[in-house]
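In the two complexes that follow, subunit A is the common piece, with subunit B as its partner first and subunit C second.
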Partner chain A sequence: MNCRSEVLEVSVEGRQVDEAMLALVHTILLHRSTGKFHYKKEGTYSIGTVGTQDIDCDFIDFSFVRVSSDELDRVIRKAVGEFKDAMGNGTDGMGQISLEFYQKKKSRWPFSDECIPWEVWSIKVNVVNLANEQERQICREKVGEKLGEKVINIVEVINRHEYLPKMPTQSEVDNVFDTSLKDVQPYLYKITFQITDTLGTSVSTTMRRLIKDTLAL
Partner chain B sequence: MAAHFDTEYQRLEASYSDSPPGEENLLVHIPDGNKSPWHHIENLDLFFQRVYNLHQKNGFTCMLLGEVFELVQLLFVVGFTVFLANCVDYDILFANKFVNHTDSSKVTLPDAFLPVDVCSARIRDNVAVMFVLVISGVFWLHRLIKFIYNVCCYWEIRSFYTNALKMSMGELPYFTWQEVQARIVEIQKEHQICIHKKELTELDIYHRILRFKNYMVAMVNKSLLPVRFCPPLLGEMVFYTRGLKYNFELIFFWGPGSLFKSEWSLKPEYKRGGNRLELAEKLASRILWIGIANLLLCPVILVWQILYAFFSYTEVIKREPGSLGARCWSLYGRCYLRHFNELDHELMSRLSKGYKASSKYMNCFLSPLLTVVAKNVAFFAGSLLAVLIALTIYDEDVLAVEHVLSSITLLGVCITICRSFIPDKHLVYCPEQLLRVILAHIHYMPDHWQGNAHRYETRDQFSQLFQYKAVFILEELISPVVTPFILIFSLRRKSLEIIDFFRNFTVEVVGVGDTCSFAQMDVRQHGHPAWMSEGKTEASIYQQAEDGKTELSLMHFAITNPQWNPPTETTQFISQLKERVQREATGDVHAHTHTLTSLSESEPRSLIANFLAGPPSLASLHLGRDGSLTNQGPVGISDGASGLRSLSINSMRGSYSSTHRSAGHTSSASRAMVGSSTDARTASSGSSAWEGQLTSLVLSEYASTEMSMHALYIHELHKQQSRGELSRHTWHRQDSDDSGDSVTEEGAAGGRGPDPRHPIPRSHTFPVSTPTSIPSSNSGPPPDRGATPGQEEAPPNSQRRHWGNADSVGSDGRGVRLARVPMGGWAEEGQGGRHPDTVPEEGSDDDMPPNIHKVT
Partner chain C sequence: MDSDLSPQDKKDLDKFIKFFALKTVQVIVQARLGEKICTRSSSSPTGSDWFNLAIKDIPEVTHEAKKALAGQLPGIGRSMCVEISLKTSEGDSMELETWCLEMNEKCDKDIKVSYTVYNRLSLLLKSLLAITRVTPAYKLSRKQGHDYVILYRIYFGEVQLTGLGEGFQTVRVGVVGTPVGTITLSCAYRTNLAFMSTRQFERTAPIMGIIIDHFVERPFGNMGHMHPCNYRAPAEEEGGYTGVEDSQEVCTTSFSTSPPSQVRTPPNLVFNFYIRLLKKRKYGPFPLQVTTASLDLPFAAFAPRAYDIEENDPMVSQQIICHFKSPATSSPLQGSLHSQGSGESGVPAQDDFVMVDFKPAFSKDDLLPMDLGTFYREFQNPPQLASLTIDVSSQSMAEDLDSLPEKLAVYEKNIDEFDAFVDTLQ
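Up next is the complex of A and B:
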């Protein structure tokens, strides 16, 4: 519960899925990334620079700004690609990508480290089938407009003064930021996806809860 | 794909390198680090629960020690019992068999012990003993693991107390929960425990700790849970045990496939009204499976239960055998009497205050027949005992005669039992007043008890709340056998209602998650017109909390948490009520000066005066202590005041008793009481929270008195109000059992004649099996059921309010929709503001205009 959640909803045509997803995920990550931290001796640090890059979409009348880091782009493209594959091609369908920002909390020995999410973005996609080229043309513009609105939404949400993890010291930087990339340092994030709303939680989570509950006082 | 479209925003190659040039000129930041580990806690529900538990258990060391001893005790009891059963040669002890010693003729204790190998062989051969041993071994291991896990978890909470809250474990027992809570609210600003809000409120913390309990209270309040049964021969009874409660919670809240996704959110599909029938079916089959699992596990649970009862109660019974005859508040009673948002310790202290009066009340009803018999049995037994004792005193060799000692003991026990059936000679029979005093503490009571306190039915129903300890233990013991049948045959039938309940009464509160909407204590949403919220409430009958639960809970919460800032409307309600109570209490009792416009004609006059001065003067309850019986005649009123005073911890205002006894200074006494209590509270709520121990303790004691006043006032008002509209309650019953048939209650005041069929207003939660109160009898609504078009506007609400589809289809297949409540799905994002008066989604009632009078 202790985590903000934002929901974005778009409906697009089959071939637009990955571009739309990329646009939204990249927009969020643009605002949730910093330059690399360079720690110095007295517990201070300086922040490296981050470049940005305009990307034009092929199937949508839309261009977006992303962090110019190929590594990050690759990771996200991979996730989005998997999502698209899972959606199947061309058919109607619903799906949801969640981009979850979390921080790690070290625990003592008997417990493993906890990953505590603090913000979750759920992007719901509704894939529609279009009959002819004219409709496609209209869709192209419509989706572009819609995505523009969503980007503004995202920026509005991010501009609110709300909880963000505090800037860590050198030893803790891995608990807050993803430091695996060379040129940029986003907050720790996780991308998961889900096709249609499959009911029920998995067996393992239920079991875990059952055990936890019997153990609880 | 987009790589070629690089625009003029090119990256500076230089910034790419690890250490940028001109490093010394760059902006340098200082990390604030995570100095406290207490920001952003993942599971706040659990966290607050643990904080609360640790406080209730008086700190870490006490808890640890207590649990260690419990483990040891358990081991000891099992071991000792098995040893006694298997390893002792009783023939030697009873001297039926002789041991041949070489040196001395004395039999020693070790002689009676069997050798180890014989002993272990006996244990191994005995299947039953082995079974018990295995089960208790599992039980013990479970406790051990739980203990270790708890130690780890609570160690963290302990460091939260010491580091973040700055309370050492040593002084924790001397802090009240309100103080702890205030500090939590304080540190939220600094640590951001909860990330949704800058500031936590008291209500948030309560909501999190009591999330599921509030649901249970609401379900009991709306008679949703099958806890009332009418077995043949036994009459109506309540069966609600810990096992049953555990199963309910397993089904609703946390078990596999429960309605809740996590501790704080209901699964989204249950929030939508669309496929309620499917979901109900799913729930029904789950209940069936859990019931069957219960049935299969029955023997194990039974043995466990017996062992548990044995281990926990034998010691108590040995210590004070009378405790079995004593009474305790039943589990159902605790649910029925609990306010929304009332923590365990608050409830327990309230009930404990009412304990004495309650047992006195129950003792009023000793059967005269039994008394006569008991008196005579006691007489004969007493004379025998006297002779035996006299003989023994004359010559103690009498004791050596076989069975003399045992008959003396038996006779003694017999006399003790008989004495419990003989009423106290000095007891005054005044059930009505006793019930008043009880009400002042327990705050809830069905309407039909008032004025019927002397009847046996009332007593029987009260005993459902306040049962014999022995009955409690017995019920716990048979619970494993009965529970599966209740689940399979009773609860399963209610699955649709349950689904509807969770959909209709769940709201999502930012920073708290899904909570029971009743727990918001919003008079507007869930107020009951017959309980002070006339004109303020917009709730349909289905949405009203019964027995004035919303109103009383609200008062209780506001009084116990003076720092809490309720929403404006609620503040209005509270201050209005407080003002009224205060005015009633302080105003001149005899002069009926109700010139104030706000007190209309229909307003009951001097309610406080009524219960202060009324024929049953409260004081006589406390006559033993006060001795005020002597001047009861002329100054009944001041007696009343002193009686009321003794509702609080009597020593606190002991000084008043002498000064105000003599003359009719009621007004001053009661004014002093109400006034000072409120004064003290407002004074300290205005000042900073930490004025020391005393203030907060004094505060909480005043608070309970103040709450008692308010409870009595509200009940009195309700009584006077409901005289005109006796028939309401029977309708309730029907409607809420239909779960969803909703009639607006706006016209409650207008022309509701008494229903000739039901002369006594029956409260909802104490239905007596009259024909119309049978669930789902569905005989159709009463003819004058007024459906008004009052509900056209959805109440503007800051939270997302999830209206369910509150229609119901009668068992005969017709839609019995009367008035429409705004309905709609759960949080359809894209749809924006949904007008409540749009066409409902379900096809079945589309053709039914909203304001149909369905007359059968």
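Up next is the complex of A and C:
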């Protein structure tokens, strides 16, 4: 099965990085989360209800909808915060956040479970520094419009209704969904990031991750 | 076409389409109420949350949607449309967008109704939630209030897009294939927001459907009490509307302030700011002379007290007199605003008024630049430091040199102090 890969690119000012990333990641997760599954005896299941919440950005003229789950929000904010820290403060730079949805495939001993991605969203961020308040005001509006376009792109991709993992049985549910949250159930996902410094050389946290993963037996 | 579908599947599909249409209307209207929406996730299914999404049902909206559908379902050639428009306090109105739920003939016979179609409709509703925050009408609706309100109209039948003006854009929210046709959801929105006269918007009532007028008797009379909290959450999946009044005065929109720039501000928000050039000499940093004691201004205490200007001071070229006028009173401040120390008092003729744009840096609005402008000018002309005004020229070089040995003796005496100080620095 081929992994679907989508790329989104945005240019933002330093203080807009958090909100721009949150907006896009939450928009994707809104579409990739379901209510909690409750399996019944006959092998059927019922699905809980997903609530939604409007979020206004402070540094961007933009509002977005996210799943009503404080737990999930905390996890995403933490990841985005780490990305922002890695990007540094007040410097120009480029980076990329990857939101990868995967399935676990159980392997027999001694091999570890495989993680097979089925959809990867790469959000490329270009951070710019602005000189004065007027430019910042224009940036607020422009980035808001850009994020709107990205949301439309995301929705377009989602609504192609391409491959989605089959709904799992009770024993397999943890191979497809992240069941650790109390109120919602996103597909299994992981967030990684990569920073490119201004010279264009890659400081690869990805390499580190790859090595860590291979060594984790 | 329908013969391939089992009776149970057909029944389920009809039910799904009906409730999808009702939920679509709810999402769109709620997104234009002007406030943030928040619903809770629940891990235990209650059975009343269609498509596994917590979308509240505003009874009046469900009622209007059902009236528009009149027992029919969206189908091929029968589209359900929600039109969003803006209406100003002066009665001008403008269509902003039209959301269309349509069906085309492309069938997907193999798709599973109770599972795949249902889940895809759920996904489509999520996409609708996301897209309704992205079209231009969202920002306008968040700022509705004294000057304009957002209205909605539901109609069934043929899609009408002519009211959206030239160059309208379309965004497709998504499609879901079913065995009886493909459901598509899209939005056509106006891009040309230049305001047009009322006459262009006088139109006949639509053949089907109604205009929901969210005003009470006096439009924009007192909008503060109009709040969307006057609906009850649904008890059952039908939307639970009991006792809905048919009166068109029912209002479910909320209002906030801050009007858009294109719309004329109502008279009670007008501040007239007059600046007079009494002496047409060269410009320079000039002191602002206004007796602000009688002005009800923020930071009035920080405005400079009027001080004497020398008659022959070439730098003083302007005097600024501010008038803050509200329509209720006829500038009661006028008399008290003459600057002191000015040889020329008396109100000059209207012809002398010149509007000068000051715009200090970081000043957010132009209505009251005076306080920030005052501050700005103040710090451009700070008083001289006392220590710098010592008349140094009177002391000659020789005297300086003579006083040196004395100074050195004093420093030597205090050498321990200096050493201790240096130690603290290390």
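What we mean here is this: the second predicted complex is superposed on the first by the 195 of 217 C-alpha atoms of A that agree within 3 Å, B and C clash if a C-alpha of one lies under 4 Å from a C-alpha of the other, contacts with A are read in each partner's own complex, and residues count from 1 in each chain.
Heads up, the rule we're going with is that contacts are C-beta pairs under 8 Å (C-beta built on N, C-alpha and C of every residue); 3 or more make two chains touch, one makes a residue touch a chain.
Just so it is clear, the structure is predicted and the values come from calculations on it, not from any experiment.
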Partner chain in contact with A:Val155 - subunit B first, subunit C second, else both or neither: second
Touching partner for A:Leu30 - first (subunit B), second (subunit C), both, neither: second
Contacts of A:Ser68 with subunit B and subunit C, given as first, second, both or neither: both
First (subunit B), second (subunit C), both or neither touched by A:Asp56: both
Touching partner for A:Asp174 - first (subunit B), second (subunit C), both, neither: neither
Dominant contact partner of subunit A by residue count, subunit C or subunit B: B
Touched partner set for A:Gly48, first subunit B, second subunit C, both or neither: both
Contacts of A:Asp183 with subunit B and subunit C, given as first, second, both or neither: both
Contacts of A:His38 with subunit B and subunit C, given as first, second, both or neither: both
Contact residues common to both interfaces of subunit A (with subunit B and with subunit C): 35, 38, 46-49, 51-56, 68, 167, 183
Complex contacts: residues of subunit B adjacent to subunit A: 1-2, 5-7, 9-12, 15-16, 18-20, 23, 26-34, 37, 39-46, 50, 53, 142, 145-146, 149-150, 152, 192, 194-196, 254-257, 261-265, 268-269, 512-513, 829-830
Subunit B contact footprint on subunit A (complex, rising order): 1-4, 7, 9, 35, 38, 40, 43-49, 51-58, 68, 103, 105, 108, 110-111, 114, 116, 118, 162-163, 165-170, 172, 175, 183, 197, 199-201, 206-207, 209-210, 213-217
List of subunit A residues in touch with subunit C within their complex: 27, 30-31, 34-36, 38, 46-56, 61, 63-65, 67-69, 133, 148, 151-152, 154-156, 158-159, 161, 167, 182-184
Residue ranges of subunit C touching subunit A (in the complex, touch as defined): 36-46, 49, 52-54, 115, 120, 123-124, 126-127, 129-131, 133-134, 138-139, 142, 171-176, 361-362
